[in-house]
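Next come two complexes, and both contain subunit A; in the first it sits with subunit B, in the second with subunit C.
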Partner chain A sequence: MKNSINPQKTPGVGTSFTPGVESLKPRWFGTLRPRWLRTFRYLVRNLVILTLFLLLPTPAHAQTTSLSIWPPLLQATIQPGKAITQVYRLKNLGDDTTITTALKSFTPSDELGHVKLLGSELSPSFFSFQNADIDSFPTTFPLKAGQTQELVLKIKIPANQPEADHYLTLLFESNTTGLIGGTGTTNQATIGSNILLTISNDGQPLKSAKIEEFKVEGSELPVPRTRDDPRRMSRLVPNLSKIGLLDSFSPISFLLRVKNTGTTLFKAIGQIEITNTFKKTVATLPLREDNILAGSIRSLTSEVKEVHTSEVDGISWSPTFPIGLYSATATITPQDSTNTITSTITFLVLPYKALLFIFLIFVLFRLTKRKK
Partner chain B sequence: MKRLLAKLAIISILVTSTQSFFLISPPTLDSANLTSAKDTLSSSRLSYYNALSAGNTVGSTLVQVKTSGMPSDSTANLFTGDSVWIGNSITGTNYTVDDILDTDEFQITSALGSGDTEEDDLVIATRSATHTLTFTTATAIQNGAIRILIPSGANANTDGIPNHDGFDFNGMTASDLTQPTGGGVTSWDTTNAPTATASGGTHCTAGNHCFEARYNGTNTAATALTFVIGGTNKLINPAKSGSTEGSADTYTVTIQHLGSQTDGYPVVDSTTVKIAVVESVRVTATVDPTITFAVTAVGIGTTACGNPVDVASTPTTIPFGTLSLNTFTDLAQTLTISTNADDGYAVTVLENDQLGKDGGTDPLIIDAIGAGAMTDDLQDDWHTNTQNGFAYSLDNDDAASIDFQYSDSSGGSCVTGTFCAKQFPANADPDTAERIFYSGTVADAENAYICYRISIGATQEAGDYENNITYTATATF
Partner chain C sequence: MKTNKLTRYGTLLFLLFFLSVTPVSAVDRMESDSYTLRFTNLNMTSGSKESGNFKILDTVGQFAPGEYSSSGYYVKAGFPYIKTIIAFAFTISDLSIDFGSLPLSTLSTQTNTLSVSSGGAGGYSVTAQQNHSLKLQTSPTTIPDTTCNTSCDETTADIWTSTGKYGFGYNMQGNDIPIAFIDSTYFKQFANISTAETPQIVMSSINVGTNRTATVTYQANISGSQAAGDYENQITYTAIPGY
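Entry: the complex of A and B
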């Protein structure tokens, strides 16, 4: 039956063969061309296309909303009547998106340096973008995947603006279009760069601080109490109840909370110096120079020297088997001032858990022996 | 005449013979060089000696220094963390260098005090070093001594302030010396030696500081000895002597092996070594601080917050789709953050309002209350699907700190550890954004799942319910 097929009676099949070319081929080849060759050519063509797709893949765009901002923090002191500019670099590491900028005031949300966004308190006229193609606040502009946009922010303070601190966050909100098609939620990724602005005539506003709390974290010396005199031991040994009791085998950490009692922010510069029973300095713990905003309290942390993968809040000291009475003196100086403040605490370090364990073993041993 | 000539000939022969004898067998030389001699400094950094230029003010942390006319005429050789003394002959204060700004300005960690800001006030950073001298003696000497001479400079070489032409004595005493040991001697004198004598002191001529170690008995010739100069107190390295920045200043140290005490300690053997002091090289590089925040989708079947995800999310939407009555529907997204800012970051969440029909305000799919106590501030268990509403939980991957997790069995009102959840804070209520995770230091792609859960009851009015949730990442200030 195959030999009876006439290719010329099947339009559209074998159209790439011209009669002249066909005439040069073996007779049997021409008679097999319509179905066999069509299938073969179809398979080869698809295989080539598939191979090309595999060898030359198009760039993949991950399904991500991702923004990167530089710098994450701007700290500036400006005289009334003066202006500064700062370049911000915003990069879209996700899909094509539209960016909306906003400027909001913030207050500290906790004692760790995190922000709680409020409505803007400064006149928007203080702030403007100098880019020719970007309007001032609030402004919206497209940002393609992989694109970086530089924004030049100008901060101009009116001449009659009173001296004060202003804490703001410059927000960049990604508004990638999303369809829900039913019940659901749309969401935006927003990235913020904080601005710590001090308006000052002489550039040297008064800075003052107070140590709100300084203590060793952990158990306190248990004060024996009687029905007649609940603080008897405390009276016998002055300030005994204020002495912290720590175990020699447990980590020693300090809580140091410093309050900014002035009207302008400062960096807290200082350290904790630890002396042993013989008044010899055994350790000096440098503190990270954290910003403390006006009127707020910040829990200071150890200076970080290396990259850590875990939380580093707090101040820790890791001596080798400490034992005895120790004193720790915290010294803090607001940067650009000489108003140094100090606070000293005393704590007792004993291997009391081990001693208690040995005592219990001893008692059990004696009891067991007595029964026998 | 003949007899006279004969006598002259005999005398000539005798003289020539004697001369020949001395030429063939010369007497042993009394003085020789010590060998393998070297002086190793624990720090070869030059000291810093400059002065304030005009324009410094009390209360400022910016220090401006001179660029000519002083041994150190720039900020080269100053480093972050160095202790510098600033002051004059009346008053002075120690400060710590915070940063080097340029060739004539640097920052200190605390403000300049009164009396420390006048032009020509000195700016000094001392660099002390222990000198370890090793050498091999050449001669066996009975009851001898070893003496080291280190250049002192001409003036004020004992005041603890660096000089530009030699080492400052810096109050060294015998306790700062470690005299040689061994060497074949009977004993090294520990009663009257070692001694440290400043330039111009007793038996120490001006121009060098003198350090001596004496011994009893006779040393072995060709024995290696070590003399360490520097303990609690150390000699202060000189400041720049005026040579080109980056080129070393060289000084000559003399090592002497002295004869016996009864002869008045004459110099028997002597050798000199050169030591070089140079500025350290300041290497700087700037890494811009950045913060990067990403939201990514989570596909069906992925386990987040202990449950397989029912519907795939996208980076911008949480499409619950058509909901079944009294049935939990779970979705999730991944939040990822990186920052090289020292103080770390925080991520907060805020919804515009509760889920409203067609995005309106009535009717609502209310925020869930879980077992009864859940709010946007307080987490509570939510594992009964007839407790209807909308809420979220968290599943930490590697974020430094997270405010709560789905598996918590304590904190807030959570006790079961099954699905501990919170309401989203709503801007319309009005609530403030709630922190969900954070770090107090740099972070490298730290991420956590945010898990969305919804359940509706039979009385929920039909329709599409929508709201909007904003995640905000900010660096710690």
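Entry: the complex of A and C
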């Protein structure tokens, strides 16, 4: 009976929707609540809603790794017995992680400037971090999301270290790995920055180069041969077999491979100059100043003056309807030296595809006419 | 006449006021749509510098681009490449490739993306390697690396569309990927470090580029005779700028 609805017991003015307990409530319970109580109830209600919201399961968040490093390349020439320092900036653009550093030697993996990591070749005692809060190299440290860590790398060369080049990669390995519930694979990211180190007593090591190969890419002129003397045409026109034949409507690109024949790296400074049939210079193609490591070959590319995202490989020349015999001379000088090397090639540019097409149309036309 | 004088003085006062309130902009940041110049560590060792004991050339700018020489050394300073202003950055979109419970004789796939921004003069390369084949945690039982429809390994790709071919492999689609991945049906094995295989390039370029992105598709397929359990391994992607 206590909990049954009994309208007669509803107290005072207003309306109560809680039958049976009305007698326990003060007369103002209902619409005539004091302001402090309304505020209190409002706060409690919002607090409950907020708590429930926070306790709700959040949607799955894919764990990411994103690291950036500056500088990507360090080039230094150091006397034995001396030391340098360099600041690296490592930024974490992904989730919280810990970073482990490592230092490995590398060799060129191809002729395009990519690296192949090897085991460390120099003693780790050459390298150390100078940060107060980071242990000596190699080291592990936490890196929170959005945090940038500055690392001061010291390279100290022992006094008795012989002159030589050392090519190394400073690696930062993110120890964050994914979490999987069933069968699957977890990913891990490592980012690197290259160090090109030259140990030299006088700072002027000998730099020498050789043009290993220089040619126009594409089809080559087939060497005309006769039954009597297969080499007759070659004798008539010297070096005919070396002339490249290109189409006037096709892009013209060059392959230029330069070998570092010295014991130290250099930047290849140079260009390709193109002259036409009348020996007039029609184009000069500047080359990108790429590093060529000691004993290695590098395929050089055109100079790129601004940031872009297009695919530009090799050295390309895009003249407006070229026709005739052209010569291209590649000139390369190792930076800080006078050992200039050159190589010249000749190539013939004709609209032979268009001419062939016109010839075929003409033949077809004649054949059709003859049948009629 | 008075009005003209007032106008003239008014204009003069306005110009003086305008010039006096124009803030002097700091010279520590310059940018346009195509480039941003960042001056880092100016009080430390970045930029080109030398002494009698060493010379050092990194790829960041200095206050006064130009040339200088001292003690018999000769160094070029400044901005030999405008592209070198971009830091080298590498991102993996999702570190967890979870197949869950693999259905039998069904090609199951999962994907994530790799992104690279490279400002180095020599482009970049990203290599991939797995610590071992997909393996049960409690036993040496593995899901073998795929051999595709006919034959593929860590260096050569082949079409893998047959549900009768079992294993684990990957495909790459997007920017700067190896030419072996002709389309999304071509797969390779991951280089296996436990068997001394060489890490393989999955993205590379000789050019400057920002946000070069490629999608990795991981594919697995098991036969009815595969032992039950959760098979796992770890794949490490190593991104290194060119030189």
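Quick note on the criterion: the second predicted complex is superposed on the first by the 300 of 372 C-alpha atoms of A that agree within 3 Å, B and C clash if a C-alpha of one lies under 4 Å from a C-alpha of the other, contacts with A are read in each partner's own complex, and residues count from 1 in each chain.
Here is the rule we go by: a contact is a pair of C-beta atoms (placed from the backbone, for glycine too) under 8 Å apart; a residue touches a chain by one contact, two chains touch by 3 or more.
These figures come from a predicted structure and were not determined experimentally.
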item: Subunit A as common anchor, with subunit B and subunit C clashing or fitting; value: clash
item: Partner chain in contact with A:I84 - subunit B first, subunit C second, else both or neither; value: second
item: Subunit B versus subunit C as contact partner of A:H114, first or second or both or neither; value: both
item: Partner chain in contact with A:G324 - subunit B first, subunit C second, else both or neither; value: neither
item: Touched partner set for A:S337, first subunit B, second subunit C, both or neither; value: first
item: First (subunit B), second (subunit C), both or neither touched by A:A76; value: second
item: Partner chain(s) touched by A:T64 [first = subunit B, second = subunit C, both, neither]; value: both
item: Which of subunit B and subunit C A:T190 touches, first, second, both or neither; value: both
item: Subunit B versus subunit C as contact partner of A:V152, first or second or both or neither; value: second
item: Interface residues of subunit A shared between complexes with subunit B and subunit C; value: 62-73, 93-94, 109, 112-115, 117, 167, 169, 171, 176-194, 196, 204, 288-291, 293, 301, 304, 307-313, 335-336
item: Subunit A contact footprint on subunit B (complex, rising order); value: 59-61, 109-111, 113, 288-297, 314-323, 333, 336, 339, 341-346, 348, 351, 355, 365, 398, 400-401, 432-433, 435, 438-442, 444, 452, 454, 464-477
item: Residues of subunit C that touch subunit A when the two form their complex; value: 34-35, 40-41, 44-46, 53-60, 72-74, 76, 80-102, 110, 112, 115, 117-125, 130, 134, 143, 199, 201, 204, 206-212, 218, 220, 230-243
item: Of all residues in subunit A, those that touch subunit B in their complex; value: 62-73, 93-95, 109-110, 112-117, 167, 169, 171, 173, 176-194, 196, 204, 269, 288-291, 293, 301, 304, 307-313, 333, 335-338
item: Residues of subunit A touching subunit C in the complex; value: 62-79, 82, 84-87, 89, 91, 93-94, 106, 109, 112-115, 117, 150, 152, 167, 169, 171, 176-194, 196, 202-204, 288-291, 293, 301, 304-313, 335-336
